[in-house]
Amino acid sequence: MNGKERKENKSQSVKKNFVYYIEYNVNLYKVPLAILCGVLLLVFPKIISDRYILTISVKIGIYIMLALGLNILVGYTGLVSLGHAGFVAIGAYTASLLATKLGFGFFLSILVGMVVAALAGLLLGLPTLRLSGTYLSIVTLGFGEIVKTIAMNWDSVTNGTLGVKNIPSPKLFGIKLTIANHGLYYLMLAMLLIVTVFCYLVYKSRTGRAFLAIKTDEMAGTMMGINVTYYKVLAFVLSAVISAVAGALYATLIGYIDPNTFTFDVSTLILSIVILGGMGTIRGMFVGALILISFPEVSRSLMDYRFVVYGLILILMMRFRPQGLLGWRSQIPYRLSKNVKKQLEIDANQYQESSSL
Amino acid sequence: GNKGKTTSGDSSSAETIKIAVAGPMTGDNAEYGIGFTNAAKMMADEWNKKGGVLGKQIKIVQYDDKNSSEEAATIAQKIVSEGDIAGVIGHFSSGVCLTAAPIYQENKLVEISPSASHPDYSLVGDYIFRNNTVISAEAAASIDIAVNDLGKKKIGIISIKTDWGTNTSKIIKELVEKLGIDGVSIVAHEEVVEGSDDYSPAITKLNQAGADVVICAGMYNLVAPVAKQYKQINPDIKVVGFSNSYSQQLIELGGLAIEGVCFPVIFFSESKDEKIKNYVSAFEKEFGNKPSALTSQAYDSVGMLLSAIEKAGSTDKEAVRNALAEVDYEGVTGQTKFDENGNVNKQFVKVTIQGGKFVKMN
Amino acid sequence: MLKVEKLHTYYGNIHALKGIDLEVNKGEIVSLIGSNGAGKSTLLSTITGIAKAQSGTITFKGNNITNTAPYHITKTGISISPEGREVFPSLTVEENLRLGAYIVNDKKKIAEGYERVYELFPRLKERYKQSAGTMSGGEQQMLAIGRALMSNPELLLLDEPSLGLAPNIVLQIFDLIKSINSQGVTTLLIEQNANMALSVSNRAYVLENGVVSMSGDAKEIAADPRVRKAYLGHA
Amino acid sequence: MIGQQIFNGLTLGMCYALLAVGYSLVFGILRLVNFSHGSIYAFGAHTALLLVSMNLGIVPAVLLSLVFTGLLGVLIDKTALEPLRKKNSIPIASLITTIGISNIIQNLLTVFFGSEKKAFPALFNFGVISIGNIQITWTQICICIVSLGLMLLLVLVVKKTKIGLAMRGCEQNPKAANLMGVNVNFVISFTFFLGGVSAAIAGALISGYYQIVYPNMGYMAGLKAFAAAVLGGIGSIPGALVGGLLVGVSESMAATFLGSTYRDCMAFVILIIVLIVRPNGLFGKKGITKV
Amino acid sequence: MAYLQVNGITKRFGGIVAVDKVSFEVNEGEIVSIIGPNGAGKTTIFNMLTGVYTIDEGEIIFDGCAIHNHKPQEVVKAGISRTFQNIRLFQDLRVVENVLVGTHIKTKYSFLDSVLRTRRFRGEEDEKVLTAIRILKSIGLDDRRDDYAQNLPYGDQRKLEIARAIATGAKVLLLDEPAAGMNPQESAELLQFIRSLQKQGYTIILIEHDMSVVMNISDRIYVIDHGKPIAHGLPKEIANNEKVIEAYLGGVSTGA
């Protein structure tokens, strides 16, 4: 009786909720919605073939990937990194140096970039295990600065301040993928799809739950048998690898990188995207990147005031939606698989039978 | 609408002829980009008063690349996407120019940089020009000042750790070696980074090495503090700079410490030449400060581009390029003609500071 | 002395207090009982200004204190031992107590305050240099109560003071409530241990789902069969 | 030469310490890394420059700039951070807010003053003292004296005064502090005022030392000072001093022995080494986490 | 040897000896309570048992293996799980997810399995969800399955902590003041629940100040004061022990 009352109360309060409506309907029509989005994204370059807009679109895609990567650290595991530009730099440098100096193909060099970044993630993850909060953040910040300094001073490998020039466009089946032939755009889409799905799958598994547990209460997590060390390092590694992929793509998009491409401002930009979109969510990264990357472009006419307004946007967003634009807790019930539902029904029947006996 | 836009470049339907000025308009080196824009506007005004070019008015469109390569790559895409730009004056530093130039080349849009000095820049392609000397020429002039005019032998180099600074210092070293003048040598080379105003470690090391002249490969904002901090420990030190330190701000920032600092320039605003005098006073009236060397090179760059358009008789990209390659232009920075790579050769004036003023060396 | 009229408080869209009327007279001990989530702590939060009242008024000594800042309310002579203890974890026991007497400027009064608290809870005296956060649960509860006494309040609000305390200390706490009451301190008391609470109180209110469902003389309430069943654990 | 470099490093370190104190003060009460501190510092220096150019005389100009910069700190807290506290929003929202503020201040400075480097009058320019073969300028000595004095004062405020106790209480548990009668928002604003003042003092001293100001001046210096603050144990004022000096000297040494291009990452290298050994910095207390 | 055997464990914090040579034993299927004045060292004992603190002296032997100074996650794996005196739920997660986190160590699929969504992943994941829901049913929280832990009333949060501890698959549950903040009726319900756990074969160690719970449910009771054991025995014996009454109970009716 008591339980039933409660349940009714709950469903009442849930029904009022706006977020619930959105989520409910999105969930209901997810297949048509996905197809619609897919088609729109695929035909986009056919409708708008302006190179500048395509360049920006690819850039947005890259930043979505970067945000997804950082989100694993910040949004899932609760480790605030202020040096993500370091991982981006590692990916970008490794891939473009291999491509320009040793003539590796794009896909091979990206693979090596991922491995190197994973090692760097491991390297950074391990010593930071004992650190928490601000202490961890500043070490990641330092990591970013150190990577930059290495890139600047290791002339024989990185060309120092001269940077890496003439980074070739990726080639697929002998075709050069460029902005002009939309190849780079589709490459970005494909990579973005993979990264997004990957993040989703990780999130919806025991790994994702372990991340979240560590974020909310590390001690309680340990008490549930979670190997905090392993998962923290794993978060670093995954995050680093994704950033490296995006970094490599970025290098071919711009065609030139130097140490100053990867400053602290890049790290804070990625972080801002994560927070603004809604940390811990995947949808938020898309919206966050769309806003923060396109804003400086659409607001060029503001000139000097451009970044004043940018700062204002950050402040106002945080003031009115500190949890991020799309940062809400899911209101629809936890999704149970068919098997579970079936089994639960059997349970319920058995219970009824036994009580009616 | 988009399609019309792309074709309007070479059709004559447009009301105006647009010239893009790209450079740092905000941020760290904004004074240069804004200088470019001002100079370009002045040149365009002069033409417009005379009736424009090909009977159309000239419009200067400003693009901000914040002197960053990645911004420049986007900006260049934007400029070529506009479709109705007749040519680009700009990008400021060599590294940034090198990122943007391939995009212009690929789209066959003429670019003239008033400031790029890296040897590779003009090699990007046949649409890429510069109205600035290649760095080796200027470096040779600086060494000449240090060795011949100041009569010093122990050269120290202090260079800013940017692509320009690294490259310049490398070339200085090579040149000194090649010259092989008796007793002249590089005694020490120190690199410094932007974002720190404390140069004492580098200076102390140069001083220990016994340098009697320091070639400072950096802009005014490096030369001034280095001179200041160096004179505190060695009042007799001589400092030689480059043309990009030729700016009123050098004097404001350096105060007494920059007395006697020397450098080679292509353009000297105190020149007695009537043409230059008129230009300088007009510029000062309009914008409240004297034009720097790079600004003046931008001014001439616009003049050359417009002459080329006039000569080509259309804004057809290829015709403009071909005409530009042929232009022989008498500007405030001297008689200018591009060689087969799109480079120029200029006469250097040696300038020093005396009593808080720039004067010609004798 | 304290008068609450038609008080409504929300947490976002959760309606936690739905029109509370309550009064505490000078010199009284008043108990507030009710099950988990009834809104007892919310009422104290609203009185102390931590939670904002949507509507209704709270008057203390004739002054309207609705929705004034907590620090201001403290200065008028209300002091609270809050739910969840809320000690300052890195500060020492002594510093915690010193902050309790933040509004007191008289050095002598502060010294007396320390003495009184230390006498009451010798454990706190033993550990006056220990960081409050490393104290055991019960020790922290003692600290929270002691801290509330430091400001010599006229009205003392106690939110489940016996929580986590050993049985003998619980007895001591109720003795304390009586003894400071006899010194003229008025007390509003929330307790899960309704039996004991009612036994020391003059009057009592029962809260259910954000409304007062019953009020009256403490003995009458304790005798009420519904209360006995629901809150006192007697069949 | 090494002696000279160590001394130069110490002066530089004092400058960092002055900046680090600002981070520590704000962190010490809000547990917030105030990323706008570097910009506030630049603001202080530019205000001083502006006031000096108005012919007020250098001392009144500097003093006025302290007040203005302090008020800027209060303004930031009141307009941007207090509303976030009211809503109990997640800490990282405040962090992003301070990044936004930093953007605004720095770009407004650029708009009004231009991005180029500008000359700042020399302070305490009374000449040079030689001890052995080490040359020490009066400017350096004054920087050290003023910094130490300021830090001593701040330590006294935090440790010995009632408002200092209130500050520590607010850091630990703002809600409880409020219940104890502490006007938490006032105390926080006061802390921001102190932070602003310390940034302005740093701005005037450092600009007077190098005689250069520009809108971007707080960027790298701010990051390094932040590292210094953490190195010492963020929240601790003596920690900020020791951290600052350590960063200053190691940077100077790195510039001497490795080359100036390595100096910027030196602060972080030292920081990481220290944190691996002492995860809460040199003077930092371990957070209390009793289970 | 008993199921869980604790021999002379000691913990010092600076000058304070929080736990001083405490020994006790717990047999399989028993409910054993630890009581004592505030600050006696009860929670500290739990912290030592679960590997949160290293111990300064002594040994802890569980099911024949020494487990002292092992990492907490290893202790959980060995089969000991706990709740906290101050509730430590994963507040941002749903109720069912809280319990799922508890099943973490019993889950065997690999990272690759989860990225590739292999059959093994799906099978195991379904099984764990089912386990979680069944545990919630048994504890009466099933209808709050989709709520976020933060929004639960206090009493339900306590129950969820227990559910989460059960989900780890542990056989020994350490409950630290589970009845704190509950009214008499609610603690009576809790009492029933703990009994039912015992029937299901769990071994339970309980810290509690509510004598109506302790005296009713415990098979045996250990009393410590100032870190030292002062008495142990059956509830009745403890209730009438002079030392215990003086140090701890005062004049409270124990309901035993």
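Letters A, B, C, D and E mark the chains as written, and numbering starts fresh at 1 in each.
Here, a contact is a pair of C-beta atoms (placed from the backbone, for glycine too) under 8 Å apart; a residue touches a chain by one contact, two chains touch by 3 or more.
Going by UniProt, the chains are A, D = Inner-membrane translocator; C, E = ABC transporter related.
Computed from a predicted structure; not experimentally measured.
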Co-neighbours of chain D and chain B - touch as defined
A
Steps needed, at minimum, to go from chain B to chain E via contacts:
2
Starting from the Cα centroid of chain C, hunt down the chain whose centroid lies farthest away.
B
Any chance you could check whether D-E or A-B wins on number of contacting C-beta pairs?
A-B
Distance in whole angstrom between the CA centres of chain A and chain C is 47
Computed distance of Cα centres, chain D from chain A, in Å
33
Whole-angstrom distance, CA centroid of chain C to CA centroid of chain D, is 42
Between chain C and chain E, what distance separates the C-alpha centroids? Give it in angstrom.
30
Using the touch rule from the top of the page, what residues of chain D touch 2 or more other chains?
107, 110, 259, 261, 264, 287, 289, 291
Give the residues of chain A that touch two or more other chains, as numbers and ranges in rising order.
152, 219, 304, 306-307
Contacts with 2+ other chains: residues of chain B
26, 161, 193
Give the list of chain E residues in touch with chain A in this complex.
50, 52, 71-73, 76-77, 81-82, 84, 88-94, 96-97, 100-105, 107, 109, 111, 114-115, 117, 121-122, 125-126, 129-130, 133-134, 140, 143-148, 164, 168
What part of chain A is in contact with chain E in the complex they form?
3, 6-7, 10, 198, 201-202, 205-207, 209-210, 212-213, 215-217, 219-228, 234, 329, 333-334, 336-337, 339-340, 343-344, 347
Complex interface listing, chain C residues touching chain D:
48-50, 69-71, 74-75, 80, 82, 86-91, 95, 98-100, 102-103, 131, 133-135, 147, 151
Any idea which chain B residues touch chain D in the complex?
26-31, 161, 190-193, 195-202, 204-205, 208, 221, 224-225, 228, 232-233, 249, 252-255
Which part of chain C faces chain E closely enough to touch in the complex?
33, 35-37, 123, 130, 134-139, 141-142, 160, 163-172, 192-195, 229-233
